[in-house]
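Submitted below is the structure of interest, expressed as structure tokens.
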């Protein structure tokens, strides 16, 4: 974690679900994009199996539908640059940040609590 | 487990969800009742948090809706008398068969597999 | 203080780990719906790091027949108390 | 032989324990949808009791970007192979 | 205090709607105000106007409507989540060339931006999920 | 072999419908027959005739209808689960005094007994749940 990591903002969206199996991830990302489009400072926290949303090399769904990988690439365009993940979740899955498609700051529990405390609105998906 | 426990039949309904939080338990019990009404030999297996469906003294839901406790009392009327539970699930919750509203045979894993193998149709809820 | 609300039991879902990771030292955790199974003596050990900041909703305990099975370390509140907890909190976070 | 189908990962749900309890010595377990996370090297230990009777659906592995992350002990089948497994089985049981 | 609720669970399938309605009654009884209930994810199914539950079960759609009539609580449904799931008001139905509609007032189809506005505008937002 | 599928997940919210359609195509390609898809629990939402997904997403209702047209697969919806959730065909809508309907052929509202008949009658029943 970089020393200068900023843990506050307006809206924090916590993404706990992986792509494809449910629409939670996509609907959570939609909420984040809309909040950013409305001019709010938005942060994302990937937690639990949600960290798998960040894996490189994801493909389309069973009926050819797009995954969320392309949406993640759009985050910078919406000025969503505060991207965090729960380091414990990633470690439990035996993965490292090297296999992720975006630069995301790993956080330990005290910082996760600070992140949640530092945002006016917290939405979990 | 009684020595004479019969582990086969036509339809086995596995109930893995507790009452109230979702409609899985109720919809699973409905499937069991319908199968019995159609003359099939029906068995029930309570597993995971589904064993909590058997607890004595359950109340109505948040808006006064009936729970599933009354439905359990109707099972005998439908000739559903092969009632089993996963003994490991019950033990994990720290409960014993004394706190249950119905006599149900506890099964260990080899018998659970035999129960599943012994039914033509297995539905999980 | 933030009120965290959990509706899944540690006996079936691991989401409680993420909820605990998100809790600050003053935060409170309320068990509701199927989450009240976490108040069973066999399950409360999963929440021991938060000590006496663990609550459970009485109406859901009663609905599940768990009224008499609840661990003594859990603070039981009714739905009026649930609202009071949200009034006292700066905000709420739901885990599911 | 019965084909058991699991669509939840042991990293978030404990339903895999019930599925394993229901498996006979010849039964097979197929991981599908989010369940394919169970094929990660960090997760397969949860399934070690069933040895080489663990399968995972290729299309879902690919969709999740897990194609190169799958443990060597897991037999990967495509959806045609999924159908073949159901043809060979006496019946199927889905766990979720 | 001014509250809003976010409901993400389908009625009947999950307890989310029941819990939210119980919470709504309790917060009103304590003298708070409930500005709005926002329906997202499978929560949008709460707006299905044709719901016909058995008579001995709570009628959730009616319970939401009563909340609107008695307390002025707005019932806002995320339009993107609703269209995918077949929940269209008259306007959307005609825009999509479909005959008939499945959502009617006081439920309003609205953008997700409303959820963000609400979440930042009220004193407390409480989420009820499946 | 003769197959039937049991779909218990809502479209768009869960992968169940997508997985079931993919499996259906694969079993047919292997020369099997798909007698019926039975929709129960939140799976009944697959029958919502007004579903209007974005154009770049699969249209699940249409995909089910095609399965019926091209392979004669019956699309049966549990009537008790459907009524609670606001899914009524013309007959049920008029029986319940509602104007409009949300389910139309080839989807048929039917009793849960059909699921049991199917499960015992076909060679393989495969469940796709959320």
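The chains carry the letters A, B, C, D, E and F, assigned in the order they are written, with residues numbered from 1 in each.
The definition used in the following text is that a contact is a pair of C-beta atoms (placed from the backbone, for glycine too) under 8 Å apart; a residue touches a chain by one contact, two chains touch by 3 or more.
Quantities reported herein were computed from a predicted structural model and do not represent experimental measurements.
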Chains in contact with chain C and with chain E: which ones? A, B
For chain E versus chain F, which are copies of one sequence, does the interface use mostly the same residue numbers on each side, meaning over half shared, or is it different? same
For chain B and chain F, what's the span in angstrom between their mean Cα positions? 27
Rounded Å distance, chain B centre to chain D centre (Cα mean): 25
Please tell me the distance, in whole Å, between the geometric centres of chain A and chain B computed from their C-alpha atoms. 40
Could you grab the centroid distance between chain D and chain E? Build each centroid from C-alpha atoms only and quote it in angstrom. 38
For chain E, residues contacting two or more additional chains: 12-13, 15, 19, 22, 41, 57, 125, 127, 129-130
Which parts of chain D, given as residue numbers and ranges, touch two or more other chains? 7, 11-12, 14-15, 33-34, 59, 91, 93-94, 96
Junction residues of chain A - those touching two or more other chains: 20-23, 48, 61-62, 120-121, 124
Touching pairs of chains in this structure are A-C, A-D, A-E, A-F, B-C, B-D, B-E, B-F, C-D, C-E, D-F, E-F
What does chain B use to touch chain E in their complex? 20-23, 61-66
Complex contacts: residues of chain A adjacent to chain C: 14, 16, 47-48, 86, 88-89, 109, 112-114, 116-117, 120-122, 124
In their shared complex, at which residues does chain E touch chain A? 6, 40-41, 80-81, 111-113, 115-117, 119-120, 125, 127, 129
Using the touch rule from the top, collect the residues of chain D that touch chain F in their complex. 5, 7, 32-34, 59, 79-80, 82-84, 86-87, 89, 91-94, 96
Chain D-facing residues of chain C, complex: 11-15
